[in-house]
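Both complexes shown next keep chain A, but they swap its partner, so chain B is in the first and chain C is in the second.
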Partner chain A sequence: MSTQHEFFDALLDPARPIPAGLTTWNGSDPAVRFAVYRNNVIVSLIDALADSYPVAQELVGEEFFRAMARLYVDAEPPRSRVLAFYGTSFPDFIEHFPPAASVPYLSDVARLEMLRVRAYHAAECATLPADAIAQSLADVDQLPTSVIRFHPSVRLLRSQYAAASLWAAHQGIEDIATVDPEVAENVLVMRPHVDVEVIRVSASTADFIARLLDGATLGTAVEQANLADFDLRNTLSLLVQKQLISSITTSRGKQP
Partner chain B sequence: MPTVISSALPGNGASASAPNLPARAGVGLKPEHFRQIIDTQPNLGFFEIHAENYMVDGGPFHHYLTRIRENYPLSIHGVGLSIGGETAIDVTHLNKLAALIDRYEPQSFSEHLAWSSHGDVFLNDLLPLPYDAQTLQRVCDHIDQVQTHLKRRMLLENPATYVEFAASTMAETDFINEVLHRTGCGLLLDVNNVYVSCINHHRNPYGAIDALAHQSVGEIHLAGFAQEQDGAGDTLLIDSHGSPVAQAVWQLYDYALNRIGPVATLIERDNDIPSFDVLFEEAGQAEKLLQSHTVRENAA
Partner chain C sequence: MSSFTMTQKTTAAALALAFGAALSVTAAPVSAADKMADMEKCFGVALKGKNDCKAGAGTTCAGTSKIDHQGNAWSMVPAGTCTKTASKTSPTGFGQLVEFKKKKA
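On to the complex of A and B.
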């Protein structure tokens, strides 16, 4: 077995003996010094999760969060040297972590936090100004076959819980006393410019945007909308106002 | 057509395009400080970033770094290449590094004499190496590969370590000098690491500074350490980057400047990050020492 393989195994599993061949100038137990490396690896990775999931940590407290994060680090150490997105599967881990079952909304709040991280680092992309969008949408014949593409930062979370309100309460934006965690919320996450924004949308608006994000034409997305509570005009004006539309093309490939 | 007069570059603009880092003090760039730096244009020699933090598609990191780069020289410091690793250099990672270097055209690129990945797992720590012939060959091969791929000379940083290896056949300083000699790379002299390693392994830090190849030093790092105890109750220093530079390290730095002459010097702080003003003041201390050592001889 190679030196580094032995070192690696001992780093990730404290139950293993430390690697052979480590020395200290004063003959002291090298295990005490090796523990510094074990600690650096585990603590730095738990810290990386705490950086990405600050609200999840506040919801369960630091001690619980770090104990849970440690188990995740053991199960899923990073496979990338870029740690910005480390812990993408942490919300799924939380969802199936029995000790967290009493906080059923924890995994969705964590999902929202990772969507914000993704949006924060998403690629730059020019978006269409309102007048260009108006021009594209003015051609009624083209509308059903139009395909709307979004800024790469646009993400959608469908939650059975009040994920956005819980998150906002922990930013001091909303009063936690007014939040009912059991109210389902649909959340649009975006970073059209420098700052990430989080807004709640109706279920029907979320359905519509989800279809567009999947590449459906405007015609299909509208046909499938529940017209009883779907307001196309409001939804489009939201997308225009937030400058989230990067292109509108038709199936005939005409650019605006 | 009216004549278009190109606008004059503000403040430090002239040096932003200099070929090398200036022999001045710089600070590690932290997202918490982006806006203040852009608003106040502090009088600093350069900024340094961790390469891996900027391997993202877009967003504020690139937005602010682009603006800061317009006015300051830049050092890109890698923490994930695992140059000492038994696993082959990750070419995908190297390509990302090349793209980042193409984009920002930094005055300096540096990495560590350490390993941080094994197989496909990234350990996010700088792990120690035995100083033997086999490791020397591997480290040199990897540095050759990196310098060839990036088409530039890199600087290699001396490590802070907590254990030594029975397998080592060379002193750390001899090992490093041999790597510098064989690969032509430069030395990022981390004075805090010299101090930490020398205390941890009962060596003389001034002797270590004397022994390293002075003409290869392209940059100096200064940082703070934490103090613990080993199994015998002796001092064990931890390279924590979470506190101000210690007095003993300032003294060693002054000694190094006496021997080497003024070299671009970074104040590193990666944990418990204070306000920008605190780091700026620490950089001011380094700047004062730099200005009192005006002559540099035998620079490569």
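On to the complex of A and C.
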């Protein structure tokens, strides 16, 4: 319909004719010039994915990665002008991409990489110092109805695969030879200060944090925890040490 | 109703205890405030590749000389480091070991 839409559609689909009315200053073929533009658009988007998903690229090799990324770019052109977040749905695409089926953990490693980008760009937020947390403990009876809010960068990944260990091995932090990809991992991603941190947590700790992230009260989260393998103290220590708690609110109204 | 209250009381006590322990662990070493004093937020330093020419969406400094191949390469076997990652189906368990730029500390 509009000229802009026509131009946009033609940019992303090489099968379409070039937009009407294009001319060149020196009389060269506008179709050739437009092809350069098309190529730049596609390649820059593929490059953006390679920047955001470096470990995924290392896992399958550049050639495979770029071919896969190209198909994704065709299917999911950017909807936002923020290139850093382009490809948020790329992990889902990978998960359902048949040629990548032999690397079943690829999509979760990619998810972890995007969570790190998201955490990196998350809003700044002051978190509670230890003495402020201690203060909110003063009224013990209020604790079960209290709600914890986390630093905005806190993210959780539940993976059937060893997503964090695979990722860490590609940072030179862990030895790839010792990583069994088939071991499920729960991963906490956060950026309390300057650097993004990636921490593996137990499934029960992940359950607990997931409930709190959903807005459950401390009491509900504790009562729903699988007590067999849940370590409340260690979990709270983690939240306190990493300074992930931005507020603890009591809902006095609900207390009988 | 009273059993509910009991549960609530037990939960409250468990939470208070666990929080107390968590805080005592943290209180001992270098206080958070001291640690923060050594650091400063450095704005404008983006992740690699996120704020250089590639990140200016639509800018053309990236890719002008690169011709991307059409998407037919995916029909081959993924050829990256996954071959060096443990695999239950592989006869060797995994291929040759690590070749990453190691910076073990």
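Going forward, the second predicted complex is superposed on the first by the 232 of 256 C-alpha atoms of A that agree within 3 Å, B and C clash if a C-alpha of one lies under 4 Å from a C-alpha of the other, contacts with A are read in each partner's own complex, and residues count from 1 in each chain.
Definition applied: a residue touches a chain if its C-beta (ideal position, glycine included) is under 8 Å from a C-beta of that chain, and two chains touch if they have at least 3 such contacts.
Since the structure is predicted, the reported quantities are computational estimates derived from the model, not experimental observations.
Asks: Per the contact definition in the header, classify A:L157: touching chain B only (first), chain C only (second), both, or neither.
Replies: neither
Asks: With the two structures laid over each other on chain A, which partner does A:R79 touch: chain B (first), chain C (second), both, or neither?
Replies: The answer is first: A:R79 touches chain B but not chain C.
Asks: Using the superposition on chain A described above, determine whether A:F65 touches chain B (first), chain C (second), both, or neither.
Replies: After superposing on A, A:F65 lies in contact with chain C but is clear of chain B.
Asks: When the two structures are overlaid on chain A, which partner does A:A134 contact: first (chain B), second (chain C), both, or neither?
Replies: A:A134 contacts chain C only, not chain B.
Asks: After the superposition on A, what does A:Q241 contact: first (chain B), second (chain C), both or neither?
Replies: In the superposed model, A:Q241 contacts chain C only, not chain B.
Asks: Taking the superposition on A as described, I'd like to know which of chain B and chain C A:W25 touches: first, second, both or neither.
Replies: A:W25: touches chain B, not chain C.
Asks: Decide which partner touches more residues of chain A, taking chain B and chain C as the two options.
Replies: Between chain B and chain C, C touches the greater number of residues in chain A.
Asks: Using the superposition on chain A described above, determine whether A:V194 touches chain B (first), chain C (second), both, or neither.
Replies: both
Asks: Where on chain A do the contacts from chain B and from chain C line up?
Replies: 36, 40-41, 44, 48, 78, 81-84, 120, 124, 194
Asks: Give every residue of chain A touching chain B within the complex, in rising order.
Replies: Residue positions touching the partner: 2-5, 7-8, 11-12, 21-34, 36-37, 40-41, 44-45, 48, 77-84, 119-125, 152-153, 191, 194-195.
Asks: For chain B, which residues are in contact with chain A within the complex?
Replies: Chain B residues touching chain A: 52-53, 55-63, 80-82, 85-87, 90, 93, 96, 115-125, 127-128, 130, 162-167, 200-202, 228, 230-232, 234, 236, 238.
Asks: Over in the complex, which chain C residues touch chain A? Could you list them?
Replies: 5, 7-9, 11-23, 25-27, 31-33, 36, 39, 41-42, 47-50, 54-60, 62-64, 66-82, 84-88, 94, 97-98, 100-104
Asks: Would you tell me which residues of chain A are touching chain C in their complex?
Replies: Checking each residue of chain A against chain C gives 36, 39-44, 46-48, 51, 57-68, 70-71, 74, 78, 81-84, 86, 97, 99-100, 102-103, 106, 117, 120, 124, 129-130, 133-134, 137, 140-144, 166, 169-170, 172, 175-177, 179-182, 193-194, 218-219, 222-223, 232-233, 235-237, 239-241, 243, 256.
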